[in-house]
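By written order: A, B, C, D, E and F. Residues from 1 in each chain.
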Amino acid sequence: MLHTINKSPFEKNSLETCLRLAKPGSDILLIEDGVYSAIKGSSVEPKLREATKEHTVYALGPDLKARGIEENRLIDGIKVVGYDGFVDLAADNDRVQSWL
Amino acid sequence: MAKEVKKFMYVNRRAPYGTIYALEGLEVVLIGAAFDQDVSMAFVDDGVFQLKKGQDTGDSNMKNFSPTYHALGDYDVNKLYVDRESLEQRGMTQDDLLELTYEDEDDDYQEKPSIRLVDREELTELMEQQDVILNF
Amino acid sequence: MKFGILVNEGPYQHQASDTALNFTKAALQKGHEIERVFFYHDGVNNGTRLTTPPQDDRNIVKQWTELAKEHDLDLVVCVAAAQRRGIVDPDEAKRHGKNADNIAEGFRISGLGQLVEMGIKSDRVMVFGD
Amino acid sequence: MKFGILVNEGPYQHQASDTALNFTKAALQKGHEIERVFFYHDGVNNGTRLTTPPQDDRNIVKQWTELAKEHDLDLVVCVAAAQRRGIVDPDEAKRHGKNADNIAEGFRISGLGQLVEMGIKSDRVMVFGD
Amino acid sequence: MAKEVKKFMYVNRRAPYGTIYALEGLEVVLIGAAFDQDVSMAFVDDGVFQLKKGQDTGDSNMKNFSPTYHALGDYDVNKLYVDRESLEQRGMTQDDLLELTYEDEDDDYQEKPSIRLVDREELTELMEQQDVILNF
Amino acid sequence: MLHTINKSPFEKNSLETCLRLAKPGSDILLIEDGVYSAIKGSSVEPKLREATKEHTVYALGPDLKARGIEENRLIDGIKVVGYDGFVDLAADNDRVQSWL
């Protein structure tokens, strides 16, 4: 299953609930304000780092770029994809869940 | 109307782009500058992301309004308070923020920084001094 | 005392419009004045006359219109926000080459300066949003 | 593969419409099909032709209209949600006694069943909202 | 179209009244029931507040749509999964929730409860079995 | 100063930031989904209980009632007001801040 998260982890509980309910081995894609989860050195980093052990975590490149987050600021193990990669993730997984 | 000077604080708590509040909030500040009030902006929680350097919407569908913050100085909006705890919680430092400046009329037009990091106690006091607080 | 009311969300999607209406009514009932109600962001969507909510639900736009009529309220829709969302009066329609308008009775479209002016003239500004 | 796209927020206020547009374009470019784009909740506000966004900003409604024309997309606005928000086509205007309509080119108003049908007919449903 | 049966899950994560998602989400479920699909609802996070007993909008401006949940059983929507952790975090127990029931056709039309509290592991598995997940 | 909070404390960080920045002695009014902060026995109760020591905390009655929260479920010390009480609080305080 592909899980998308579009909310900042500092503002809303979407990341937390997604991580609680996503099956190990799922793909997780951070989009929109969700990409703020990917920043190294934030209070959310430990949670995200743990998540990268159980899941493959992606972040949407155009949304990182819009927000001025350079790739060298990302937590290790997070993969950056474009909209075409987003489409591939949605197609390759059997189902998609949007954590709003 | 023109004679009364009120203290306006615009409190920004949202990230840019995910929602429009940051952009339309900034439009209020710029329009408001014409009214010769005492204006300040506070950046708290995800609002600190509004001031992040290097924003580039070239690959998304949106308008990059980040350059507009540089215009604030010219509009005499030069009190931008950034909540230090919010910044640190997000893994950022002042180096991550836009370098916003203004020319100080009262000090030989020297260029001075508009952004100031504040602790929670100072921010609390600043809020208590306001007449009007608009939250975006 | 003079209250200024800022409404930042459209009707129904968020409770902001309902709370603003209830607050405004209560303030008037207590003898306070309402300097202005300013609709910003998606709040401009409170000002369309084209809604037809279900018969067993409240009609928020109509409540604003009736309240404005009864108490001579100044309901102002921000022009810039309205242009983004498609709220237009006959003048705006002409200016932008639109063949229809949708502004509701009792609302007027004006500039953002009216919000700042509301802040200056009001004793308290209340923000209702998401 | 067939994608169904659900858009739950209006243009500009949230990024949902932009992300949905970008995803839809990318899916089409990769040779996928778009079964339907369904606009629900405030998402129905994507379907008004009365917007005039600033000239230096994108025109989201127009982008939908052009994408629909180019790829023969089925853009469906939920009738119940549209009635609450004031999105009407000529038929709806007549039915509810409105003297104007505001539906944009390329959009049609229909029932919620079209959303469920989209779920049945699509291989994947993508939800874009707040 | 009528022959294919898909598993639809409606995931509700928002409180009622503050936003319209709960009400309009419920409208989708009721319309969807006519399509003879395999339908379930999950209540997670603030979504559990949707099922709170005793809602009364008499003093506010809104429509009380709480009674509508009682209609779900008649529409053969009888799999309502409530995330136990979300409920407990909010200081509530099953006693706080509406008593929703349905008549089981396959068991002599006995009245049975529609709501079932589930642990996180079970909810995860249920989500993995779906064809379509709609989040409100 | 009157602080209003209209967000659920389980979903968003508005309560937390308000409590961090509100000056001791301020009035805090919970409205809309913010009234969920007032429920006894929730994970938020310790935070709220602490807040009632430094501030006067109110909850909007019509919003509690709409959500089915009876007064005996409220954390001790929280005062219930109607819209007229909301207006009084706004008038009696020198300024108002909405934590959205």
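By our rule, a residue touches a chain if its C-beta (ideal position, glycine included) is under 8 Å from a C-beta of that chain, and two chains touch if they have at least 3 such contacts.
What you are looking at is a predicted structure, and each value in this text was computed from that prediction instead of being measured.
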{"item": "Among all chain pairs, the one with the most C-beta contacts", "value": "C-D"}
{"item": "Distance from the mean Cα position of chain D to that of chain A, given in whole angstrom", "value": "26"}
{"item": "Rounded Å distance, chain E centre to chain F centre (Cα mean)", "value": "28"}
{"item": "Residues of chain E whose C-beta touches two or more other chains", "value": "17-20, 45, 60, 62, 131-133, 135"}
{"item": "Junction residues of chain C - those touching two or more other chains", "value": "8, 12-13, 15, 22, 41, 54, 57, 80, 125, 127, 129-130"}
{"item": "Per-residue overlap in chain F, given as positions that touch at least 2 other chains", "value": "6, 10-11, 13, 32-33, 62, 82, 95-96, 98, 100"}
{"item": "Touch relationships between chains, expressed as pairs", "value": "A-B, A-D, A-E, A-F, B-C, B-D, B-F, C-D, C-E, C-F, D-E, E-F"}
{"item": "Chain B residues touching chain A - in the complex, by the definition given at the top", "value": "14-19, 45-46, 49, 52-60, 62, 64, 66, 89-92"}
{"item": "In the complex, chain E residues that touch chain D", "value": "1, 4, 6, 8, 20-21, 24, 27-28, 31-32, 34-35, 37, 131-136"}
{"item": "Residue numbers on chain F that touch chain C, as the complex places them", "value": "6, 31-33, 62, 82-84, 86-88, 90-91, 95-96, 98, 100"}
{"item": "Touch list for chain B against partner chain F, complex", "value": "11, 13, 44-45, 85, 120, 123-125, 127-128, 130-133, 135"}
{"item": "Touching residues on chain A, where the partner in the complex is chain B", "value": "6-8, 10-11, 32-33, 36, 39-43, 45, 61-63, 65-70, 73, 82"}
